[in-house]
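Shared between the two complexes below is chain A, which pairs with chain B and chain C, respectively.
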Partner chain A sequence: MKTNLRLLGREDLTALLWIFPALLVYALIVLLPQVLNLGYAFTNYDGFDPAFSWVGADNFVKALTKDQDLVAAFINTVVFATVSLAIGLVLQFFLAYKLYRGMAGSGFLKGLFYLPMVVSMVILAVLWSGILRYHGMLNALLLAMNWISEPVDWLGDRTLSMASLIFVNAWCYLGYGAIIFLAGFNAIPVDLLESADIDGAGGWVRLWRIYIPLLMNSVTVSLFIGLTGAIKIFELPFVLTHGGPAGATTTIAYGIYKEAFDNQRFGYSSAVSVLFTLIIGLLTLVQLRATRSREVEY
Partner chain B sequence: MARLFSVLILMTLSVTFAGAQTLKYTSWMAAGEDKPVMSAFMAANPGIKVEDEILEGSRYQSLLKTRVLGGDIPDVMLIMPDQIQEFAKLGLLADVSSEPSIALQKKAPSIDASLSLAGKTYGFSVNGGVAEHPIWYNKVIFKKLGISEPKTPADFQAALKKIKASGIDPISFGAKDTWPNRWATYWNLTSQVKAAYEKGKTYDVFAAISKGVKASDIYRDSFTAIAQLVKDGMISKASLSMTWPESAQYFADGKTAMLPQGPWVPGVDSIKGADPGVFELGVFLYPVQPYAGKVYLRAAGDRILVVSAKSKNLAASKKLFNYFASEANLKNYLSIQTLTSLLPIALDLPPVLTKYVGDTQAKGVEVGFHDITLLPAGFEGRLTEVIGGLFAGDSVEKGLSNLDSWVADKLKK
Partner chain C sequence: MLQKLGSAFTSALVWLLALIIAVPLFNTLLSGFKTSREINRSQFWPTKFQLDNFQRALAEPSVTFSFVNTLILAVGGIGLSLVLCSVASYGLARRKGRIFSVLYIVFLAAMIVPAVAALIPLYTMMRVSGLMDTHVGLILIYGAAGIPFGVLMFTSFIKAVPVTLDEAAILEGCSYRQRFFRIIFPLVQPVTVSFSALQVPTIWNDFLMPLLFLRSKMNRTITLSVYTFTREHEVDIGAVFALLILALIPPMLFFAFAQKQLYRGITAGGVKG
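Moving on, here comes the complex of A and B:
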């Protein structure tokens, strides 16, 4: 330890001193609860009664082998994340492409599409709730236009409720992802595109041979943000559907909340959250390796 | 000059609030129902200031518990009936056995007993009654379709079919909030009492479950009836995406013919302000097949007033408690909100609610007190969630097994 300290220069020590308050706050607010959470995962704590006991790995065993609700929440989360990302990335890419190629009012549109990112997800969900509910604005509009004969149950039908959540999530991230792609488009060397022009490369050739390979950095970033956001999605099911109907939109993050606070199984929900953290870590690692291997230096 | 002025203001403030005690009062009364009580109390007690805090109703229990865990316990608060035993066992509630207002509650010994632990009373039942069974209906729709109040299950089915055929949603719930689903669970209480008595030798369905009778045995008939209504399209699809206030508005707008809800419906703003051309409020009891010649209804507590044992201003807190729970205040408080009481208080209720209370006192109707505190906290939350699943098309068996596993898990702990 002494040797290590000796290796630190005066500047390093000064820097450490300056960041110490932030580190302390981080440790107290982020790290300590996680350590406590790990401890609770091995107990039957109900979140309230201080008389709880050690149950060993029971919570983990139950989560991995017996909990059908958790399996359903896991499937919901995978469906939500996969479809959200697939749709989201394509839309973000094409929106960025249109903005890159220049379109009327692109400056205004950039701001407009980015707007959802500066508004709380809860507020957006409340707004969408008014639009999507049974007698909400969307059904009123569709009925007025005679496109439907009776209201569509966007939030009360098992399949449609998940589709609605995916749509809202893709919409929320659309502008943010598009800005990341747009930065990628702008970084593509002009001489490369001019060479492609001279060689007579058409739109699709450009797309597949130039844009997509050179935008893999943007794909990595956008996928990383989208994946972590989609896997831990909480606000949309919390506000729009309360996880319903019949658990059809209960994601793992919302399920953890429900177990802890509604069902008062704090110890069990802690165990699920530990497993969930490991899954997120693993998925992120796989995703980063997969996309980074396709990134191109230029 | 400005400095002198500031000093004067500070002196005035310090004189005004010198010795003032501040109490924190917490409830789920989002429409400000309790504010007039707090204002009147402060006017009568100038030395005590009450900060009225409202937590969201559908998550009240978990929000309040989070506050309690953080050491931020309100001095006086409303809690739900199934919370009182848990709070009392943890020493969070002050003993109010000898408070003057409790004398009124002692006149209803079974109510007082349910809010007591080891001979000490820890809460006061603000409101309650035969709150679980009213089906509010729109008289305008009924009249238009030539339907009279159903007296038998067959009448009820016929009415549902007629309403559905007219294109109006027969029954709606604010099922997004989950808790309004409880009205579906007590429609068919008679079948639950039958199972409780035949399998557990008690007329109290919660006592039966706490004694080991499976929840699935108790709720099978009720769930089957609900699932059938869902299958027949009698429960509005809008229910699953509506909160309770939205469901009240939906009802007042004439979009649904019936709304099963508590006795407070006549006092809700959207109902009071409804267009008389499309809406007139009526009420009837859900018609069920009697068991041994009787139709069973449940009397239940709702808002339970308690005082924190940790209050730094215990004397002032108990003063607020006694003020709130005084007969004079309650009469006004309950009458304004069209609430009923389990306690012997003469209330000024609107005619529609008086009619309902009369229905619950008719010959052949047996009102029983089913003690929810015998079951683990959160039982009704789970039950209403399962009912929400039935509304969304879950099978009866799935719902019953879900409920059984929850109870087994809780009782094991």
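Moving on, here comes the complex of A and C:
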């Protein structure tokens, strides 16, 4: 150890000393909780009583085999994420393409679409609840136009409540994704497009042969941000539907929160969040692999 | 001809999307000036633009406080990240030893694990350390949460600064500290700006941490005070909308000033390179 230290040299020691404060804060507040969480997962800790006991893998066994609510939350999250992403990507790509080709007012439009991203999801959710509630703006509008004969329960119906959450989520992320794609469009070398012109490539050919393959990196980034955001969604169900009706919009993140802080089952909730972390890590890897291999060098 | 028609059609679609984004925001703006009766009747345009709603929203002292609180947390959290990351990244970017590349990876590792998993232990840690319901506790959490991203940004930026600058300074007899403060630190100011621009909305808009770790009314952040106000004053929908308008002002102002920075931040991540 002593020789190692000498090998490091004075400069290295100074550098380590300067790194130390960041490392300390990071280790205590970011890394330690992750380790503790893994430990809690094997206990029946309730968050307050220090006299908890080890229960082995019981929490994991329960989560994986007996917990119907968790299965439901898992399915809700998958539905929410896949539908949000599918709709989101198409709209974002379309929007970015139009802004890239240039249309009247594109500067204004870019700002307008991006705006929701700087506002808190909670604030946007409260704003939307004023529109979507039973006696809200949307129902009033539809009634006035005679499109419906009685108010629709946008947030209280099993299917519609999920659809509403997906819609609001897509609404929030539209501009963000579009700007990622727009950056991708702008990075396409001009000479590539010129040679496509010379070869007489039409709109569709360009779209499939140039834009989409060259934008795979933007797709990766947008998918990654959208997926991790959608899977961890908490604020929208928390504010708009309280996870209801009857758990129809309870997502995994909301479920973890409820188990821990409403039901005081810290140990069990930790086990679920460990599984959740594994799923997110795995998804991230698979998804990065899948889109990376389709990227094109240019 | 057909192409022009198609282009006009798709442009119309874009404007329709724009309308869908704008109407809820515009509706909020109008509703802040309506009476609760007008809102409940779903009257679109207020009969008279009145400010009573704002008065009632601001009558709650915790609402005014929440703006100051949020500002304190954002400035504190970002400041902490900036100090820790800039200082640490100089060594991480310049020293060649194995330990530095290992440390670098350790710092970035947290980017792939979700924060949800840390909430439960953090709750206990805050309680045990007596930091529950304090701004210091949240500043520490926000400051620490910014480290992975901050280290990534600062290290890659410093790596792009020519080493010859350091070497010349060494020949002049500058110490490690002098080199950092006189040469590197002034040069990394663009990172300071873009890191802050990305962190401001992250901290400003956070809801989960204040919800879990702030108890007393006077400590609330804006997001928390909007949420609790909405629950406690459900009947007074006019005041809720007035509060929403007030809550939208800071992010919009920020957006107006930092628009370029924000786009650039996304662009950096979204383009091959």
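Here is the rule we go by: the second predicted complex is superposed on the first by the 279 of 298 C-alpha atoms of A that agree within 3 Å, B and C clash if a C-alpha of one lies under 4 Å from a C-alpha of the other, contacts with A are read in each partner's own complex, and residues count from 1 in each chain.
The rule is short, and it goes like this: a contact is a pair of C-beta atoms (placed from the backbone, for glycine too) under 8 Å apart; a residue touches a chain by one contact, two chains touch by 3 or more.
Since we're looking at a predicted model, the values are computed, not measured.
S.K.: After superposition on the shared chain, which partner residues are touched by A:44: those of chain B (first), chain C (second), both, or neither?
M.R.: A:44 contacts chain B only, not chain C.
S.K.: Looking at the overlay, does A:148 come into contact with chain B only (first), chain C only (second), both, or neither?
M.R.: In the superposition, A:148 contacts neither chain B nor chain C.
S.K.: Have a look at where A:135 lands relative to chain B and chain C in the superposition and call it first, second, both or neither.
M.R.: both
S.K.: If you stack the two complexes on chain A, which partner ends up touching A:262: first (chain B), second (chain C), both, or neither?
M.R.: In the superposition, A:262 contacts chain B only.
S.K.: Of the partners chain B and chain C, which touch A:248 in the superposed model: first, second, both, neither?
M.R.: Only chain B; A:248 stays clear of chain C.
S.K.: Tell me which partner touches more residues of chain A in the superposed arrangement, chain B or chain C.
M.R.: Of chain B and chain C, C contacts more residues of chain A.
S.K.: Taking the superposition as given, does A:31 touch the first partner, chain B, the second, chain C, both, or neither?
M.R.: The second partner, chain C, only.
S.K.: Is A:122 contacted by the first partner chain B, the second partner chain C, both or neither?
M.R.: In the superposed model, A:122 contacts chain C only, not chain B.
S.K.: Chain A residues touched by both chain B and chain C?
M.R.: 47, 135, 261
S.K.: Using the touch definition up top, name the residues of chain C that touch chain A in the complex.
M.R.: Per the stated touch rule, the residues are 3, 7, 10-11, 13-14, 17-18, 20-22, 24-25, 27-28, 31, 39-42, 80, 84-85, 87-88, 90-92, 94-95, 97, 99-100, 103, 106-107, 110, 112-114, 116-125, 140-141, 143-145, 147-148, 151, 176-177, 180, 201, 204-208, 212, 222-223, 226-227, 230, 237, 240-241, 244, 247-248, 251-252, 254-255, 259, 262-263, 266-267, 269-272.
S.K.: Given the complex with chain C, which residues does chain A contribute to the contact?
M.R.: Those in contact with chain C are residues 8, 11-12, 14-16, 18-19, 21-23, 25-26, 28-34, 36-37, 40, 47, 91, 94-95, 98-99, 101, 103-104, 109, 111-123, 126-131, 135-137, 139-141, 171, 174-176, 179-181, 183-184, 186-187, 203, 217-218, 221-222, 228, 232, 234-235, 239, 253, 256-257, 260-261, 266, 269-270, 273-274, 276-277, 280-281, 284, 295.
S.K.: Name, in rising order, each residue of chain B that touches chain A in their complex.
M.R.: Those in contact with chain A are residues 59, 62, 65-66, 68-69, 86, 90, 175-178, 236-242, 246, 250, 255, 377-378, 381-382, 385, 388-389, 391-394, 406, 409, 413.
S.K.: What residues on chain A touch chain B, complex-wise?
M.R.: These residues of chain A touch chain B: 44, 46-50, 132-135, 151, 153-158, 241-242, 244-248, 261-265.
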